[in-house]
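All chains are identified by letter, namely A, B, C, D and E, in their written order; residue positions are counted from 1 within each chain.
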Amino acid sequence: MDLSTVLGIGAAFGLMLMAIIQGGPLSIFINIPSIMIVVGGTFGNTLVHYPFGDVFEALKVAKKTFLYKETPINDLIGQLMQFANKARKEGILALQGAMTSVEDDFLKKAMQMAVDGQEPETLRGMLNTEIEYIQIRHGKGADIFTSIAAYAPAMGMVGTLIGLVQMLQKLSDPSSIGPAMAVALLTTFYGAVIANIVCAPMAGKLKNRSASEVLTKTLIIEGMQSILSGENPRIMEQKLHAFIAPKLRQSTFKK
Amino acid sequence: MDLSTVLGIGAAFGLMLMAIIQGGPLSIFINIPSIMIVVGGTFGNTLVHYPFGDVFEALKVAKKTFLYKETPINDLIGQLMQFANKARKEGILALQGAMTSVEDDFLKKAMQMAVDGQEPETLRGMLNTEIEYIQIRHGKGADIFTSIAAYAPAMGMVGTLIGLVQMLQKLSDPSSIGPAMAVALLTTFYGAVIANIVCAPMAGKLKNRSASEVLTKTLIIEGMQSILSGENPRIMEQKLHAFIAPKLRQSTFKK
Amino acid sequence: MDLSTVLGIGAAFGLMLMAIIQGGPLSIFINIPSIMIVVGGTFGNTLVHYPFGDVFEALKVAKKTFLYKETPINDLIGQLMQFANKARKEGILALQGAMTSVEDDFLKKAMQMAVDGQEPETLRGMLNTEIEYIQIRHGKGADIFTSIAAYAPAMGMVGTLIGLVQMLQKLSDPSSIGPAMAVALLTTFYGAVIANIVCAPMAGKLKNRSASEVLTKTLIIEGMQSILSGENPRIMEQKLHAFIAPKLRQSTFKK
Amino acid sequence: MDLSTVLGIGAAFGLMLMAIIQGGPLSIFINIPSIMIVVGGTFGNTLVHYPFGDVFEALKVAKKTFLYKETPINDLIGQLMQFANKARKEGILALQGAMTSVEDDFLKKAMQMAVDGQEPETLRGMLNTEIEYIQIRHGKGADIFTSIAAYAPAMGMVGTLIGLVQMLQKLSDPSSIGPAMAVALLTTFYGAVIANIVCAPMAGKLKNRSASEVLTKTLIIEGMQSILSGENPRIMEQKLHAFIAPKLRQSTFKK
Amino acid sequence: MDLSTVLGIGAAFGLMLMAIIQGGPLSIFINIPSIMIVVGGTFGNTLVHYPFGDVFEALKVAKKTFLYKETPINDLIGQLMQFANKARKEGILALQGAMTSVEDDFLKKAMQMAVDGQEPETLRGMLNTEIEYIQIRHGKGADIFTSIAAYAPAMGMVGTLIGLVQMLQKLSDPSSIGPAMAVALLTTFYGAVIANIVCAPMAGKLKNRSASEVLTKTLIIEGMQSILSGENPRIMEQKLHAFIAPKLRQSTFKK
């Protein structure tokens, strides 16, 4: 489970609720028509903007960010070095056997292509296309949350304008101004909460996830190409280490 | 018919109307001069910005988003694999016969060029130019809606400023302040609705449509080039699958 | 004359004036010091930002958008096809005679270079440099209008702040608050009008003009290079058609 | 002296002062603590953002924009054509003598490299690196002014918030509200003036200067490379003319 | 210690405190629930957006900007020229001995690769990958501060909306309006301070640091490649000087 996402959202919402309750009853912040115009309207905008399928896909991906655990990049480099040594000693076909222990589908595909005898350049080209379109698909998830983070405050403003116009039309009763304006502001409040506490950070998280997945896949391509071209394992390790921070580099040789 | 667009716009407008009616008569939100300054002014700005032709083209394209249904990308890959097998068995000229069953103009053109014996590189170059300029033309449609989404709130602000200045000049009668200000805010309200409930999501939809059309056409180019260069059908299928999500990949071989 | 620009600006201003007059005398929207601070200040900012020459050039170009009429792209393709046929039959030097009927300077220059016997690659390189720097120069025109559209509201805000500070300092006389605030808001109003009804759409128009001019010139380069390399006219026409929308493509062959 | 910068800033400030004085005493717009929080705070932000050296460099460069006079681009082309003719007649080494009359350091360096017998490609590579890093350094100057134009209004808002909070805490005395709010608004006013009348146009000017300097240097590289490769002077002139507007092109041949 | 960062932050905070104290007690600007909702909420958003590790890394890097001192770029060029002369006279292996005096890890790695006999192109490729991923990692630090600078004002607005709604609901007691509103504005104030006085300039500083580090590393790559290919030291120095401002160029030859 991704603790940082859960803690972060919990902290932000918890502190907000605390601030609300400390100042008065929570009930004055709950107004069904206001929730409907902001949540429903934003959902409507999103459905016009994106096809059904993409929106539900994005929600599914968002759920995954609460459960997902990244595999350390060092383990991947170690695994690739192991395959390199195996391929050097027993030939490239020996990777066939090693594939059963591999969980990552992308690495499996790359190994299958290597075992199938494809050229290093073909392998790189095809896998690069795959990375490029993975980025486009992942980008759409982040995009949808970014769009919601833009539509929610806009619908909040629409709701507040409606409330203001109605309030101003019956300004005769001054005692009703305060509560009417408070209700009018609620939609702006909902919009700000949806945008800033939920959707904007979520979009950021999805972008970060995508970036680290692309880094993983880029390392796999570099590694498999080194293996296919029978490069010196030390050079290969140096190449793979160039992608990560110096303090994360644990050589399999100097140990 | 594109249900998601229709439902989305319906939901957003419906919820907004509900919120309005619940708080008072709908009539206080209708003001002809305010509508004229926002809608007419925005239309004026748009005509200065874009030529007549482009604006009407954009409206036509927008209408299409309500009616359009995408063809599944899997069917296209299946069709391309079929052509590849046909071309391998009966020669490239056999595609001439298969062209009659093809509806997509771009695929038809690509096949005609292949049958005419053009080089794979010429075919790719010419079709890539075509995709590039399709993107530019489609981009203009989305651009126009994005511009309207920027002009409408600006005209709304101009209208509200006019109303405020007029109201402030005759501040002597306090009872008129409320309704006058309500009317002044209406243009801001119209601008926000036009921008956020209609134009911004519409611009987004057009961008998404363009992206999925470009993906379709890119697959056609890749596929036709594989066919022309007589590539192994399994490799060709792997190449085409690299463009789509793993769970959408249905091999014609493993079945 | 470019009707769309004239109609657009006319409609936006007309509707605005109508809304003003309907609500009270036009005179309350005219305030000389406010006009001076917004118009003069914006002009000052613009002169700091851009050299004299560029600003006057931009105004001249803007005037041209009221008078300019685009030549249809189909006629250009037809003309290029005609030259291709002439060159195929009578040799490239025959274009010398055809040049007298050509009005476009860029096409004339391209033909002169072809007649002078320059290599296709030199021709393409030199004309591409020319297009690149035409884009930079045109971009500056649009840039200047975009900058004015940013400076005018800023000067409007400065003016309104001046008015507000002065009003607040003498708050003792409540009856003067309304009119003083109305006057303070006028600079914001002027800034919004200059930015949104004049300059932003104008900048957009200049960008669109530049894009369509670049498309024309790109077609000329492609066409002349096809002619120079003696390409098959049908292929050449297909290449040129790839740049334009399918429904605009009128073949000179199928007729 | 760059008249346009001086006139522009003079006009903007003059009109603003006029508007102020016309409405009341200038003194109500001067408040030492407000000036300190906006000017000092902005300077503080800028020192955190950029190293000392860069900030002072930017101020020096800004001063130069008041004094600088551009050399006409036509003269440069004429000079390059002269060198081309000299090199054709007397050999490339003859440029050694011509170097004494050259003032521009970049042109001098290019000529020295040509005289030293460096390859056209080495010359282009090294000078392009130089242009690239000149752009980065110049860009930093514009960047600093752009940052100040962002920090000043932010500090203005911070100052206004401080004033508002203090005013609201002692709301009991209604007669003090007006003047207190006027003072609170002053920091917003200072921020807007610093950003919009000084820094944003200045950043624009620096960008324009950098662009025209890069154009000059690009022409020098193109010209020297033509000279080194002994290109036909007419072709060389055509190449150089491609960088500038048609109406500025004055051939040294047709005269 | 980086004096400019310390002085800058000190000046901005000092002037702000001065302005506060001059207008009333500091205590009215301190409100624990308001601090909790802005600081805690922003921290929560940031933890959703970025993994734990990246956030703590960013804080560590930020601390470094208070302590870090850049090495002058001239010394680096001098050092590289020294190595070039040594390598010319005593062979590339002589760099092994010189490595002990080198502190920079990147330069050490480049020298080790040269001594190990790697090809100039391999060296450039691997070190360029390293620079590219250093930029990505550094970029993340600046990114995190930029995100905080966006979340803090958003949380400030959420806090102010909560305060406003609660205040408007109990508008019956007019004397409480002022102080209640003052408290409501505090969260906006905190958000503005965190964003504009702390995080935005800090993000800028990190970007500048990253840029100057990349410049240093680019010079190392250029220099080592010149050394490996046995280039003339004068040419090598000219190449390295192309990266820096003319007035910083101190030749080791003309001295």
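Note that in this section a residue touches a chain if its C-beta (ideal position, glycine included) is under 8 Å from a C-beta of that chain, and two chains touch if they have at least 3 such contacts.
These figures come from a predicted structure and were not determined experimentally.
Traced through touching neighbours, the fewest hops from subunit A to subunit E number 1. When the partners of subunit B are compared with those of subunit C, no chain appears in both lists. A rotation of 70° superposes the C-alpha trace of subunit D on that of subunit E, rounded to the nearest 5. Note: centroid distance subunit C to subunit D, computed from Cα atoms, is 25 Å. Inter-chain centre distance (subunit A to subunit D, centres taken as mean C-alpha positions): 40 Å. Touching two or more other chains at once is no residue of subunit B.
On the side of subunit C, the complex with subunit B involves touching residues 3-5, 7-13, 15-16, 18-20, 22-24, 28-29, 175, 177-179, 181-182, 185-186, 188-189, 192-193, 195-197, 200-202, 204-205, 208, 211, 235, 238-239, 242-246. For subunit D in complex with subunit E, the touching residues are 33-34, 36-37, 40-41, 43-52, 54, 105, 113, 118, 122, 126-127, 129-130, 133, 136-137, 147, 150-151, 154-155, 157-159, 161-166, 168-172.
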